[in-house]
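Got a structure here, written out as structure tokens. Questions coming.
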Amino acid sequence: MSINSFGHMLRMTTFGESHGIALGCVLDGCPPLIPITEAEIQVFMDKRRPGQSRFTTQRREPDAVKILSGVFDDDSGQQVTTGTPICLMIENVDQRSKDYGDIKDSFRPGHADFTYLEKYGIRDYRGGGRQSARETAARVAAGAIARKIVPGMRVRGALVQVGVHEISRDNWDWDEIDRNPFFCPDAEMVETWTTYLDDIRKSGSSCGAVIEIVVDGVAAGLGAPVYGKLDQDLASALMSINAVKGVEIGAGFSAANLTGIENADEMRMEDGKPTFLSNHAGGILGGISTGQEIITRFVVKPTSSILTPRKSVDKFGNETDVVTKGRHDPCVGIRAVPIGEAMAALVVADHYLLHRGQMG
Amino acid sequence: MSINSFGHMLRMTTFGESHGIALGCVLDGCPPLIPITEAEIQVFMDKRRPGQSRFTTQRREPDAVKILSGVFDDDSGQQVTTGTPICLMIENVDQRSKDYGDIKDSFRPGHADFTYLEKYGIRDYRGGGRQSARETAARVAAGAIARKIVPGMRVRGALVQVGVHEISRDNWDWDEIDRNPFFCPDAEMVETWTTYLDDIRKSGSSCGAVIEIVVDGVAAGLGAPVYGKLDQDLASALMSINAVKGVEIGAGFSAANLTGIENADEMRMEDGKPTFLSNHAGGILGGISTGQEIITRFVVKPTSSILTPRKSVDKFGNETDVVTKGRHDPCVGIRAVPIGEAMAALVVADHYLLHRGQMG
Amino acid sequence: MSINSFGHMLRMTTFGESHGIALGCVLDGCPPLIPITEAEIQVFMDKRRPGQSRFTTQRREPDAVKILSGVFDDDSGQQVTTGTPICLMIENVDQRSKDYGDIKDSFRPGHADFTYLEKYGIRDYRGGGRQSARETAARVAAGAIARKIVPGMRVRGALVQVGVHEISRDNWDWDEIDRNPFFCPDAEMVETWTTYLDDIRKSGSSCGAVIEIVVDGVAAGLGAPVYGKLDQDLASALMSINAVKGVEIGAGFSAANLTGIENADEMRMEDGKPTFLSNHAGGILGGISTGQEIITRFVVKPTSSILTPRKSVDKFGNETDVVTKGRHDPCVGIRAVPIGEAMAALVVADHYLLHRGQMG
Amino acid sequence: MSINSFGHMLRMTTFGESHGIALGCVLDGCPPLIPITEAEIQVFMDKRRPGQSRFTTQRREPDAVKILSGVFDDDSGQQVTTGTPICLMIENVDQRSKDYGDIKDSFRPGHADFTYLEKYGIRDYRGGGRQSARETAARVAAGAIARKIVPGMRVRGALVQVGVHEISRDNWDWDEIDRNPFFCPDAEMVETWTTYLDDIRKSGSSCGAVIEIVVDGVAAGLGAPVYGKLDQDLASALMSINAVKGVEIGAGFSAANLTGIENADEMRMEDGKPTFLSNHAGGILGGISTGQEIITRFVVKPTSSILTPRKSVDKFGNETDVVTKGRHDPCVGIRAVPIGEAMAALVVADHYLLHRGQMG
């Protein structure tokens, strides 16, 4: 019952604070003989890494991942997993020894300063300590390994809404994702978001976002009733990401407006195989994968660290105003894309192993 | 890693199929000396019980709960929990020995017939077997006990949207809930839903719904970073309910449209205590309760069992049309209200014990 | 973290008290399509059942097991597991509504009366409540299913010591086990134990025993470092049985007296396969099976319920003498044989599934 | 279900191989505000550290522990735990880049070389990789923190048997422990063991040992029926240590020879409190602490790495002889004392938190 662990058979335990010595995770239960290098993991680290564009925080963290354990050379000299726990460590480099005087006793609205202090009687105020989204660097590292566990699986994510601006699904082009700083699949939306975010940033505010994760190449049959459902575990995984306030699968909340006639994903035989004619279910029925694309979305609230003063109190009971100085993301949702991908990869890989265990 | 269990310290393991001998659960980790009777649990069972109005299935199940273990008389002769596992059993009475010939080999669209067979190579087709929402009867029973664990906690739920019709929050009145067959808090909406659902039913279709659960009387400090967050566990709990396709906390998906300035829940001192001026967070920051109302919503898709034929295939690869005969809910979302309440009660009670363990 | 559950992937959760309505377990994670009937399980129940000879308690319990869930007919009409949780229930029949006046407030030496009351502030004094070894009936039922999960696995147990009398290993004959009321593999020892136990019983005392469990037909490679070792899980499983005070693997405590030269299990090739020349390790190296026989022993303390008065106190702080009236086993170790077998079967089956999950 | 984790609420996950970059653990669930420094932990590391006398391996490892996360300064400037996961890292310094040519393909008798390769299809042969007892350095570090969680708890261990020589309990003196290189509580035995071990070492062999762990200052009521018993978890904890082949509680295996009359720990009132007149139970009844000393023993087999050649095979199917060159402990049991202490501390602290959670 580790409350800093996630997963059934493929189990990630993370550690570390924003401005501590290092953060990272132990990934346990990974099968042996999977080729993996630090360089392969680093590709995904770099997607999440701050300072990639003017729309993400300018904190200078190389986020260089180091594999401390769990790998060894196979007979051909290639580095592979050994089936033992893989510790992935990321050292914190840019721990500015700044003066925290102004925020160390105040509760930043929207942050967990108040709740951590209420719970623990102490909080590491340096960059938010454990509540910081820096913890997600460890998830991205673990997710890079998870991606290699399920043969044929592909995990992709995209930003589909920034503030009030939603993409058009007719324009969806996965290739577009890497051509803009937003993981945006709709080329026509990039300009709008750019202007919108520049304005938001200049106004000292921030905005929310919606991310969609699509997993394909997954066979039917993954998932475990009743409390280890694939959609349940995706919901848990994504809701555990900082600032996430909602998760939906397939049609999601719009299913409320559909009738049973509309919502039914009908079936026909195609090339001798049962095939679904639509995917309102998001690739999951009864908690088990249908073999279609697994589709999930999650919403990230507007960054709580903003340049505009907000009313608050401090731990001594004084009323105060809090304003965030320095570098912050105007839309943390952008960097949530690789994090969501990592969590989805971990969930599906976990269920792949679980299914293999129960079913042979 | 029981895949049919839920909870960290307060752990519910459910068993049973729709048309088997009995279903139920084992609730483990419940503190001792909590007064509990079958009659107290039955109150909540009756809220979920089918056949309460023409808007829920007419299956005749008394859903009488029996406590098989874990209780004993205290010195005063009152029946209380003993700290040992509580087994709650509900016998299936209305197991019509009907002919399943027409559906035993076909995959009902929207149901998990296809995925169960893909996963297990066998499925109990009698009423859906384990995939049936009858499993949730056990949750409601366990939830009735969970409600008594946290002193001062109150868990209430309401239906806030049926199909395209959403209630007005200005009309919200908790007392209204028990006066209509919909758990609807908006008296003015009852008529609309009645007509709408009658039409839906007559047309051989069904509709979706959104349920809101509100928990109050919970102190600040419950919840456990990073993979045992209160909101994460609520998401997991609610998404594990049959037909649920989305979960949100506080502002939820609408947070995407807010700016950081709007979304910040500012604080002031009131009666000498830190107080929040709004609750976009839904009572949870950084996965830990703020002491405010905990607010969560989930969406239930339209009932998949409808009288209108839908295209499907059978397990032999033949194309076929599937139509549901007999008794079914036109809107399963209605009966999801007491289920959502039960799951929320279980999650908060679980974190209450977890917090007490770590913090003393 | 269910404290009344055991197992990683194959997870048994037990419930029930000695004199409650019923006891049983939920077995979760069992693969589908395994043929199982109540009659098959009953065979093992009957081995543990009281009243089989004058050396076990005369409590009249049929211990009839009922499968409440998790099974269904396959296409050929044979009853098989479905992959969903299997609830096994045993109703308590012989719950004599006797007067507990004399023991309900006193602490029986050697029993957990004192510790349960200290822990929970309440205890079910009827037959020991949850601390009673009746709980092990559920384990035996679950074990009967576990035996069928690992192809080729055979689990056998024997009583190797009763009080001061140990069997001779030269006389070991597995066929002998079913020919005497002691599960004794040494025909020459039966007479001695008979006389010894009759004397013990007449003197109003009881004696301890040592049980050996041998599992064969298990491939090399099962077990999981570092905290899911096969020997570790066997130790946990066996130590969880009532009255057990020690567990050893292979050479066990006698390994202290051996030198490294003697203790090494040397290897040679035989029929083209690596073969061990001895088995001091008990079939487990580094927590992983070697492919040899898995050998474990556990000691059961003398029955604490004896006819000879022992000094004690009651919950009001009065000094008193406690004597057990009525029916009890002079050597509870006898009935521990089928229980130990069941636990070993559960552990190995669990690791079989776990290994299959991680390794494919 | 992390197979490299241990504990219910206080959960340790270890990582690392003998000759990898680093090893360590993440300790999750530790309460906040416990003062802890690296120096305090180092005291216990040094007890386990190799090279302390000629009776332990001469590998030169400083075993310097580094706290990577989970601590922060409280208001008074003292470093305390924060309630978040504590990562403890020990860098491997003495990783001789020696030629493993002779052992990389052979199976060392008594080691897990064969079983790791059978399981994983790969093994890290450098110093035994993950199967090495170096992993226990992480346990000792975590145990140092666990010791501080339960107020009043004291955990002490002693070596009570080396090869055929057992101490006399009449000579037991805890102060003696630190005055000899064996953690021996019997001053008169030190000379005998010295000579015995010198002989064993010179003869190119090794010997086994028995360790006793005594925990006092623990209140009655800790432990959790039925599968989280205190003695069960101690058995699991100790059996998970490398080379351990048996565990016993209180009277242990000698209980087989006792009658129920002898074995009963009678009770009387003393100073107004219920008191036991003996402790055959080893401080645990029904899996729950009695408030007496908790007493457990475990046996460590003779070191498998010996200078005398033993018959083996290699992974290509060739028969070969294996001899261990270089530095090794003639009796690994010596260094197992601080490891056993650490595991016992972790188990009791875990149950302390668990009990507090369930009982308030």
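First chain written, first letter: the chains are A, B, C and D, and each begins at residue 1.
Going forward, a contact is a pair of C-beta atoms (placed from the backbone, for glycine too) under 8 Å apart; a residue touches a chain by one contact, two chains touch by 3 or more.
All values reported here derive from a predicted model rather than from experimental measurement.
J.: Tell me which chains count as touching both subunit B and subunit C.
T.: Where subunit B and subunit C share a partner, that partner set is A, D.
J.: Of the chain pairs C-D and A-C, which one is connected by the greater count of C-beta contacts?
T.: Taking the two pairs in turn, the one with more contacts turns out to be C-D.
J.: Taking each chain's centre as its mean C-alpha position, how far apart are subunit C and subunit D in Å?
T.: About 26 Å separates the centre of subunit C from that of subunit D.
J.: Measuring from the mean C-alpha position of subunit A to the mean C-alpha position of subunit D, what distance in angstrom results?
T.: Averaging C-alpha atoms per chain gives centres 38 Å apart.
J.: Based only on mean CA positions, could you tell me how far subunit A sits from subunit C in angstrom?
T.: 45
J.: Using the touch rule from the top of the page, what residues of subunit D touch 2 or more other chains?
T.: Touching at least two other chains: 1-5, 8-9, 14, 29, 32, 83-84, 119-120, 130, 225, 354, 359.
J.: Residues of subunit D touching subunit B in their complex?
T.: Within the complex, subunit D contacts subunit B at residues 1, 9, 29, 31-32, 83-84, 225, 353-354, 356-360.
J.: Inside the complex, what are the residues of subunit A that reach subunit B?
T.: Where subunit A meets subunit B, its residues are 1-6, 8-9, 14, 107, 109-112, 114-116, 118-120, 130-131, 135, 161, 163-164, 200, 204-210, 220-229, 231-236, 238-240, 242, 245-253, 255-269, 272, 274, 277, 280-282, 284-291, 299-306, 308, 310-313, 317-319, 333, 354-355, 359.
J.: If you look only at subunit B, which of its residues touch subunit C in the complex?
T.: 1-5, 8-9, 11, 13-17, 20-24, 26, 28-29, 32-33, 66-70, 72, 74, 80, 82-87, 89, 119-124, 129-130
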